[in-house]
Structure formats: structure tokens, C-alpha cells
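Take a look at the structures below.
One chain, chain A, links the two complexes that follow: it is found with chain B in the first and with chain C in the second.
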Partner chain A sequence: MGAKGYIARRAAQSVVTIFVVAVLMFVLFRLMPGDPTAVALSPALDESVQQEMARQYGLNQPLHIQFIRYMASVVTLDFGYSFFQNEPVRDILMRRIGNTLLLMGTGLLLAYAFGTSIGALAAWKRGSFDTRVLVSAVLFRSTPVFWLALVLLYVFGFHLEWFPIGHMVDAEATYSGFLDKVFSVDFLHHLVLPVLSTVPFYMAYPLLLMRTTMLRIEGEDFITMAHAKGVRDRDVFAKHAARNSLLPIVTTAPIVVGLAVAGNVLVETIYSWPGVGRTLVQAVLQSDYPLAQAAFLMIAVIVIVGNFVADLLYTVIDPRITYD
Partner chain B sequence: MLLEIEDLRTTYTDSSTESTVTAVDGVSFEIEEGESFGLVGESGCGKSTIAKSVMRILPDNGRITDGAVRLNGEDLTELDAEPMRQRRWTDIALISQSAMNALDPVYTVDTQIKEAIEAHESWSEQRMDDRVVELFELVGIDPERRHDYPHQFSGGMKQRAMIAMALVLDPDLIIADEPTTALDVISQDTILHHLEELQAETGASMLLITHDMSVVAEMCDRTAVMYAGELAERGPTETIFTNPYHPYTLGLKNAFPSIHGGADSLISIPGAPPPLTDPADACRFADRCPFAAPECRSSDPPMKEVADEHEAACARIDDVGIETMREQAAKREVWHGVDDAPDGASAGDGAASAPTEVSGGDSA
Partner chain C sequence: MSTIPIDGDTRAGSLLDSLSELAMRPYRILRGNRMGEVGLVILLGLLVLAMIGPAIAPYDPATKDINEDGTLASNEGPSAEHPLGTTRYGRDVLSQLLVGTRSALLVGFLTATIVVVTGTTVGLTAGYYGGWVDSILMRITDIVYGIPILPFAIIVLTMLERSIFWIIFMLGLIYWRNCARIIRSEVLSLKENEFVQSAETTGASAPRIIVKQLLPNVLPISFLYFAFATGWSIVTAASIAFLGFGDPTRVSWGRMMFAAWNTNSVLQQPLWVAMPGLMIILTVASVYFIGRTYEQVANPRLQGDS
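What follows is the complex of A and B.
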């Protein structure tokens, strides 16, 4: 099978995984404590109004009908209305997915850029630099994201007032569009603390992995051979040692994406970042089922797509991969 | 004289135990222009360390502590990093013992050969391409396949590609370190013949490092036999094989059937080389040598001229008499008696002769 077939097959697998997750979600939500009707349909309301609302949300239907309607909503991406915000769930999430990807993407990008290069340098230089890097990485790895987020928020937000303590932009500022907003100083100013809270934790994994892999690759014959050829040291480092060490970095990227999704929920909540994670937490607390279900599904999709992208990347960077 | 190695000493330090292994301990030999020189010995004897010392590509824990390596009269051990880098591949190329892993898996063979050119010359893309095609034809690989990745090549093709790479800048000296060990017997033979032809054609000198005496016998003008970090014997290949002097060479000869006699005369040398962490001032072969006497353990015998242009490092050649030695060494019971019945001559102080690994050294 060629590369195209492989990619098609992996894409199909990803879609199937998304459906499995959707089914699981339906089951889990029906097992959760708290009767959705009791929350959405305040007993204070008129009996007829209650029934009308139950009908509207499909809560009076038998489970199998609810399931079919639910799966149909997954396929059509129409998740109905939020219980609390009188607005389609899809519209709410569409507004927020960009914010989440922006925060998570920036964090991951910085984490991988710094993690892989520092890890590679530590292995190449060895000695005291390596020791310092190693100690910091272990420290980073054991620092919980929510803890660091709170500390940074307290020190640089409340105390020093260097950075805003929440939200994506100033309350008074107006922007003509998403891009206009994203490229503003105001937005970047808001981005600093949430990103700083996650980067150390995210980067520890690629850093340690890069370092270990580099140390192993440096002992390979092709590295000795590159030196023997008179290739300059920095090229042996970058083109051979680091380049080959990237392979496991890519294969394990989905693990870090998984960590990042979890971390993002915490950081969004702490910094009132209007993303999918914060929406999810709020929706769960309010038993806003349609919104919570869709938010969960969206997060699962981010992880699955992350896996898929890592696989694609691997086919590009490792010529030895066979498609079967 | 193209290459003069004089009293070379190379050590490896184990950083965790702080112990030092002297992998090469005072080795000297010379290679003339166009000559093919063989270096034979068991794995771990330090022969690959010599190759790495000449090119100065020792691992981080390896260091040349003494001696000189002169290429065209210039001592390479004294050079700064950058001039040394420039000597590599333009003057000395290496055919590594593990062609399987010596090519980087993520680049095409073409890219890797061109990388060697680009490290030293500023040729046009066209000129580099022409050169790669020419070399592929020379070593007998279809030039169409130059854009393949190493994993798409068979073992023999990889080895040929390595040879092509070694020739790319017309080096004065090619070091071939176990160039055929990883191959099957048929490919071994073709590759060796090919190497011989190419060497004759290009006029390069060759240092052929191997554990296989028959390879040296076929290919080399002169040969040095190495044992436990030192040279045991050095001379014209012809006389090394027909009239060896050192007991170790006599023993090695027994172990290779293809030179003289049939397989029934195969005798292996029992025991293992001594550890090289703290070598005693004694003959290093004493624990395995059937001719060892107390005097062999009182000092390390130096190389002595035994015949025309032929030297050996054994203290007892005159005492025992070379004819007696050769006669005795051809008998199985002489070798195997060393371990079983220590009788005066070989009893000694019985230093443990456990098998040793030289860290960072040979691993064939």
C-alpha cells in the first residue's frame, strides 16, 4: 500500500474513533448524577411550559430515540440549544474553538521549539549545562499546571500588575475581526501568563526524550562516519544527530497533546480564557448537557486529530516507514 | 613515506569508575605511497582504535596520550580542530566496519556522498552529480539508484556505496576497517577484489584492518599483527605467513584454514587477552603462550629484527629456536596443554585471564 492509501486508512480510523467516543459520551452522560430535566425545567415553571421544553430538548423521548437523535446531531454537527445560553451549541463552540487552539497551539509550539532544542543541546554539550537542564526539566515535569498558573497569576497579575489577570483582550477594546484581535498587542499581553503557565510542563517531556535519544544517536556509526567525512561539528549535530532524534519526538507528540488538552482546561478556567475547556467546565457545573456533550466531543476530536497529524508528519520525516 | 605512526598510545577513560584502558600502547608502523598494509588481530586488540586515532574521531572518552601520526610528514595529533577536519576525507577516507549503520537512514545515498564533497569543496551541483554517477558505475551500482535511501540497498550495495563515498575526493589513504565482516562469503570476495582493483587504479594507499588473516594474505603488501594493544610482529605479508616468528602469529595461522593445509589442522588459541586497565611489565601473550618462561614476565619484550624487514616482539625466539617453535606450534596438544597442565614453562603467577572488553574499542 502506498502513502496515499495509508493516509486514507488513518483518516478513516480517526473518523471511526470519533464515533466511538461519541457513543461513549452518550452513555456516560446518561449515567451521570443529576437529572437534566430537573435543572433545565425549573419546577417553578408552568406544567405546560415544562412539557414544551422537555419536548423541545427531546428529554421526554425513550433512550433509543434520544440516541438516534444524538448521533444524528453528531453527524450534522447540530447539537441543539444550550440549556442556559439561549443560543445553538454549535455557535457557542465555534466562537471558542479558535481561542482554545490559539492558546494550546502557542503553548505547544513554544514547548516543542524550546524542549527539543534545549534537550538536543544538553545532550551535545554534556557536562554542567546538561546537569542544570536535567534538574530544571524534572522540576518542570513535576510542577502542576494549575499551581504554576495560580502562582503566576498572583505574582505577575495581582501583585506586580505586569499582566492582566484574565480574558483574552481588554473589556473596552473592540476589534473588527478575529485576526485583527489576534495580532494586537493587547491580545499578546493577555496571552503571556496563560502560555507561561503551560510551557514548562509541556516542554519537559520533549526535552527529556530529545536528550535521551540524542545521547543514543550520538553513539551510532553514522555519526562517527559524518565526523570522519569532515562534516563540520554543527552540521553533524543538526543534520544527523538532532534530525534523527526527532523521530521519537514526533511519535510521542500525541501524548503531549493529550497533556496539553487537560492543561488547557485548567488554564482557561483560571485565566477566564473564553475557550472550549472553560465552556466545558461551566457547562458541566450547570448540567448544561447539550453544551457539555459537544464540548467534550470537540476536545476528543482535538486529541484524535493531533494523533492523525503526528502520523502524517512521521511519514514525511522517516523514509523507512512502510505502509502496511 | 605517506603515513608514519610512531609509538602511538591511545587511552579510554571510564568516567564512572575513573579507570583508564590503554587500548593502543606504543604502536609504530609506516605505510608507503600506493602500499596496502594489513593490521590483523582479535576484536578488542585496539586495531579499530588505531583507525580512529589516525582520523582523530575517537569517542569523547578516548584520547591520544602519546606518540605521533604523521601524514605526508605532518603530525596530525598536533593539528587544531579545523585543519584536522580539512584533512579528513580529502587525505584520509574511511570504510567503516559496519556499512549497515554507517549511512544515515534519513538521507539518500546521493545526499550523503555529496555531503562529503560539500564539507571540503565548492563544486557545482552538476559536477557533484557527475562524480556520484561516475563512482556508482565504478563500484558497480546502477547510478539510477543513487537517490535511494540506505534501507533500500542490500548489504553488499551499502558496502559498495561506502567504497564509492570513500573514493569521492581521491584520498591518499583509505582506511578499511573490517570492510567485509557484515557480508556473506561470496560478497566478501567480490568486494575485496573490487577494493584491490580500485586501490590499484587510484594509487591510494590502504590500511586494511581485519581479524581475518586470509583477507590480509590476499590483499596486503605488508602486515602487522596486533595483540592486546601492542604489535606482536610486523613484516612483508609473504614472510609473515610462510615464516612467522611470534608465537601469537603462529597460533593465529593455525586458526585459518585457507592459507595452508586443510580444516583438520585448525587450532584455536585457548584463553583471552589480559585486561588493558593496568598492564603489567611483561609479555602480554604470556598467559596463553606455550613457550612462556619466567623471563617473559619480567619485562615487556620490544620489537626486534628477526629477518629482513621483519620484526617480532618475543623474548624467547633465540632460546627456543624458531624451527622448534614452528614445529611445536603446529601441534594441538601444545596449545591446549597450556590451560590443562601448567608445567613450569607456563605456570607463572597465574594472573586471571578473563575475557575483556575494551570500552569504545573494537566491537566486531
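What follows is the complex of A and C.
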């Protein structure tokens, strides 16, 4: 089977995974103890309003009808209205997905840039530098994202007052559009602490992996050969050793994307960042089930697409791959 | 008369031998390696704390301390009575910290046990049988890789029950995925080995080959994943608790930070947040140090997950 067939199959598997996760959500939301309508509908509401809401959300339908309606809503991305914000769930999430991807993307980009270069340097230099890097990386990996976020908030937000303590932009600031906002100094100022909270945790994994792979590659013949040919040390490092160590970095990217999704939920919550993760936590706490369900599915799709993209990159980078 | 093993058992050693070897090997490997030794000493210290923590805690972690004038000793700084100060509700931070050790290690070790048992079984079965068994098990593994654990945990715990049991069960049911994949690929290469093939030709049954030949050879990987999974689950469980979805009946480091954050006490009583976080770092780093040292020496081919 060729690369195209392989990619098509992985794409199909990704769709199946999304489907299974969606079914899992349906089951979970109906496993709630007691009557789901009682949980979903506030008893404070008028009797007639309650009945109207139950009808609207299909909560009084038999289970199989509910399931079909639910799957239809997954396919059409129409999750109805939020219980608490009088707005379609889709509109709320569409407004926030960009904020989440922006924060997560910046964190991942910096983590990979620093992680791979520091990891490669540690393997190249060895000795005490390597040991210090290794110990720091393990400590970074052991530090909960939310704890670092709280510490940075406390030190640089409350005490030194160098950075704002939450939100994406100043409350008074107005921007004409998303891009206008994103390219403002105000926004970057707000971005610093949330990103700094996540980078150490995300970067530990690519760092350790890069280091291990470099150490192994340095012992191989083609590196010895490059040295023997008189290639400058710098070039052996960058063009031979480091470049060839990047493959496992790409293939394990889904693991880091998985970490980043969790990290984002925590950082968004602490820094009042209007993203999908914070929306999920709030929706669950308020029993806003349509919003919670859709927010969860959106996060799952980020993870599953991340896995798929890593598969794609793998086929591009390594021509030796066999598609079985 | 000496017995002659006919199915190649001696090649891989009996399971009992390899288990005792496995129990001793980490110790031998860690000895003489600074990072491993430090990790081991810290972990042993924490284990002792987990056992005697509640006994040596100066106060009941739930008791509210009332000042002489009848007011609550709320968010107090360090003092002789309260070395790490008090919480918003006048509870002793040090006592909560000591008692919380037990929850962290309980979650870590029990989750890691589920992870390793599930991951090893799935990896061995998929790798050895191949074909449709492999396909099905690996597709399930792919699906589990698609589940974002923290968001999933928040929903499951809300729908079912916020209890330590469900936290352990759920983390275990998701984190086995890495272990299963690595063990499967190891089994695929082991299967090509002479001793497995000779066992097959002598007619050894599949379960026998799996248990006697393959399992002893993948146990070092399982041990490694035990260490990693302990770390992952302690951090994730703390994150769950910090968001407010932890077991409300237990004192845990994550719930301490949740309470501090939720009562806006971070500024007045920073120790209430700083100390549980440092305890988590200490615990998780100790198991990762052990894992990494073991990995370097026992199996340099592995690309660690820590």
C-alpha cells in the first residue's frame, strides 16, 4: 500500500475515533444518577418553561430518538442553545476556539524550539551541562502546570505587577477585529504569563527525547565519517546529528499535544483566558450540558487531528516508512 | 536425574526467577547512580510519611483553630503552633500536607498498577497473536489516544461521583495506552528470536509462551511504565482536584491548592499553595529519577516518556 492509501486509512480511523468519543459522551451524559431532565432543567423555572425546554432539547424523547438527534447534532455541528447563555453553543465555541489555539500554539512552538535545541546541545556538550539540563527537564516535567501558573501569577502579577493577572486584553481596549487584537502590544502583554506557565512542562518531553536520540545517533558511522571527512564540528552537529534526530520528535508530537490540551484547560481557568478549556470547566460546574458536551468534543477533535497530522508529517519526513 | 527443559524455559528463566530478579535489579541499577539514589531515598521517605503522616500530624487536618478572642485563626502566617500557618478556615497547613501524602501515593501506585497490568496484557496479546486480534486491540488503543484525559475526567467525575475510586479507575483506564504500544512493538521483535520460535516448534501453547517466554522479557518495560504512570497520575489527579473535581472526603495536595485559590487566599497565605506544589514536584520527580536511571541502564533503546 502506498502513502496515499495509508493517509486515507488513518483519516478514516480518525473519523471513527471522533465518532466513538461522541458516542461515549452520549452514554456518559445519560449515566447521570436520577432523571437527566431534573438535572438539566432548573426547578426554579416555571413548569411550562421547563416543559418547553425539555421539548426543545428532546429530553422527553425515547433514548434511541435522543441518540439519533444527538449524532445528527454532532455531524451538523448544531448543538442547540446554551442553558445559561442565551446563544447557540456553536457561536460561543467558534468565538473561543481561536483564543485556545493561539495560546496553545504559542506554548507548543516555544516548547519545541527550546526543547529540541537545548536537548541537542546537552547531548552534544555532555558533561556537567548535560546533567544540569537533564535534572532541570525532569523537574519541569514534574511541576504541575497549574502550580507554576499560580506561582508566576503571584510573583509577576500581584507582587511585581509586571504583567496583567488575567484576560486577553485590557478591559477598556477596543479592537476592530481578531487580527487587530492579536497583533497588539496589549495582547502580547497578556499572553506572557499564561505561556510561560506551560512552556517548561511542554518542553521537557521533546528535550529529553531529542537528547536521547542525539546520544544514540552520535555513535553511528555516518557521524564518525563526517568528522573524518573534515566537516566542521558545527556542521556535523546541525546538519548531520540534529537533523536526523528530529524524526522521533515529530512522531511523538501527539503525546505533547495531549499534554498541551490539559495544560490549556488549567491555564485558561487561572488566567481567565476566554478559551474552550475554561468554557468546558464553567459549563460542567453550571450543569450547562449542551455547552459542556460540545466543548469536550471540540477538545477531543483537537487531540485527534493532532494525532493525524503527526501521522502525515511522518510519511513526509521518513521515506523509509512501510505502510502496514 | 536432572530434568531437561524441553520448551526453552531456561532461556528466559522462570517467571518467579525473573520477578525476583526484577525486584532486585532496579535496586542494583540505582545503587551508584546519584540521580537514582536520590530518587529512591526521597520516595522511601515519602512512603514512610504516607504511613505515619496522620499519626505525626500536629492537628486534625479538618479542625478549625479558634483564637482566644473567639475569632477564626484564618490565613495566619507561620508560627510556633502552626509552622506553615493556617488555611482560610483556620486549619493547620502542615497537618494537611502530611495527611495528603497518603492520597497522592495511593492514587499514584494504584493507577500505575492498573496501567501496567492492562498495558502489558494488551501489548503481549496484540503483539503475540497478530492478525485481527492485533488490529482490534490497536484500534482500541488509537481511540483511547483520542481521549483528552483532563476534560474527560472532569465530565466523568461530575456524571458519576467525585471519589478517589473513580479517579484511580479512570486514569488507569486511559494511561495504559503508551505502555501497550511499546510492549507490543517489543513483543514483535522478541517473536523473531530463536528461543520463542523453538518453544513454538516444541508445541508449547500460546498462553505458555506468553507467560514463560515473552512476559519475563518485557517486565523491565512494565516496571519503567509503572514509574512513569505513577508520576503522570499524581500530576493529573492534582490537576483534577485543583479544578474542583477531587474527592471531597479526602485531604489531598490538589484540593489544598483548590481551596486556597477558591477562597482568594493566595496573597495572604502563599504557603498554603507553595507547599503542596513542592510536595508534588518532590514526589513526581523522585519516581521519574528512578524511572530514568533504570531506563538508561536496563534498556537504553527505549525513548523515555517521563
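Note that the second predicted complex is superposed on the first by the 315 of 324 C-alpha atoms of A that agree within 3 Å, B and C clash if a C-alpha of one lies under 4 Å from a C-alpha of the other, contacts with A are read in each partner's own complex, and residues count from 1 in each chain.
The definition used in the following text is that a contact is a pair of C-beta atoms (placed from the backbone, for glycine too) under 8 Å apart; a residue touches a chain by one contact, two chains touch by 3 or more.
Keep in mind the model is a prediction, meaning the values are calculated, not measured.
Aligning the two structures on chain A places chain B and chain C side by side, free of any clash. After overlaying the two complexes on the shared chain, residue contacts for A:His227 are found with chain B alone; chain C is out of touch.
In the superposed model, the angle subtended at the C-alpha centre of chain A by the C-alpha centres of chain B and chain C comes to 70 degrees, rounded to the nearest 10. Residue contacts after overlaying the shared chain place A:Trp162 against neither chain B nor chain C. Contacts of A:Pro254 after superposition on the shared chain: chain C is touched, whereas chain B is not.
Between chain B and chain C, it is C that contacts the larger number of residues in chain A. Residue contacts after overlaying the shared chain place A:Phe129 against neither chain B nor chain C. Contacts of A:Phe178 after superposition on the shared chain: neither chain B nor chain C is touched. With the two structures overlaid on their shared chain A, chain B and chain C come no closer than 11 Å at the level of C-alpha atoms.
Put simply, chain A uses no single residue to touch chain B in one complex and chain C in the other. Within the complex formed with chain B, the residues of chain A that make contact are 126, 219-222, 224-232, 235, 239-240, 243-244, 317-320. Listing the residues of chain A that touch chain C in their complex gives 13-14, 16-18, 20-21, 24-25, 28-29, 31-32, 134-135, 138-139, 141-147, 150-151, 153-154, 158, 205, 208-209, 212-213, 216, 248, 252, 254-255, 258, 261-262, 265-266, 269-270, 277, 280-281, 284-285, 292, 295-296, 299-300, 302-304, 307. On the side of chain C, the complex with chain A involves touching residues 35, 139, 142-143, 145-152, 154-156, 158-160, 178, 231, 235-236, 238-239, 242-244, 257, 261, 266-267, 270, 273-274, 277, 280-281, 283-285, 288-289, 292, 300, 303-306.
Contact residues of chain B toward chain A in the complex are 52, 55, 57, 59-60, 85-90, 93-94, 96, 98, 101-106, 115-116, 119-120, 149, 151, 165.
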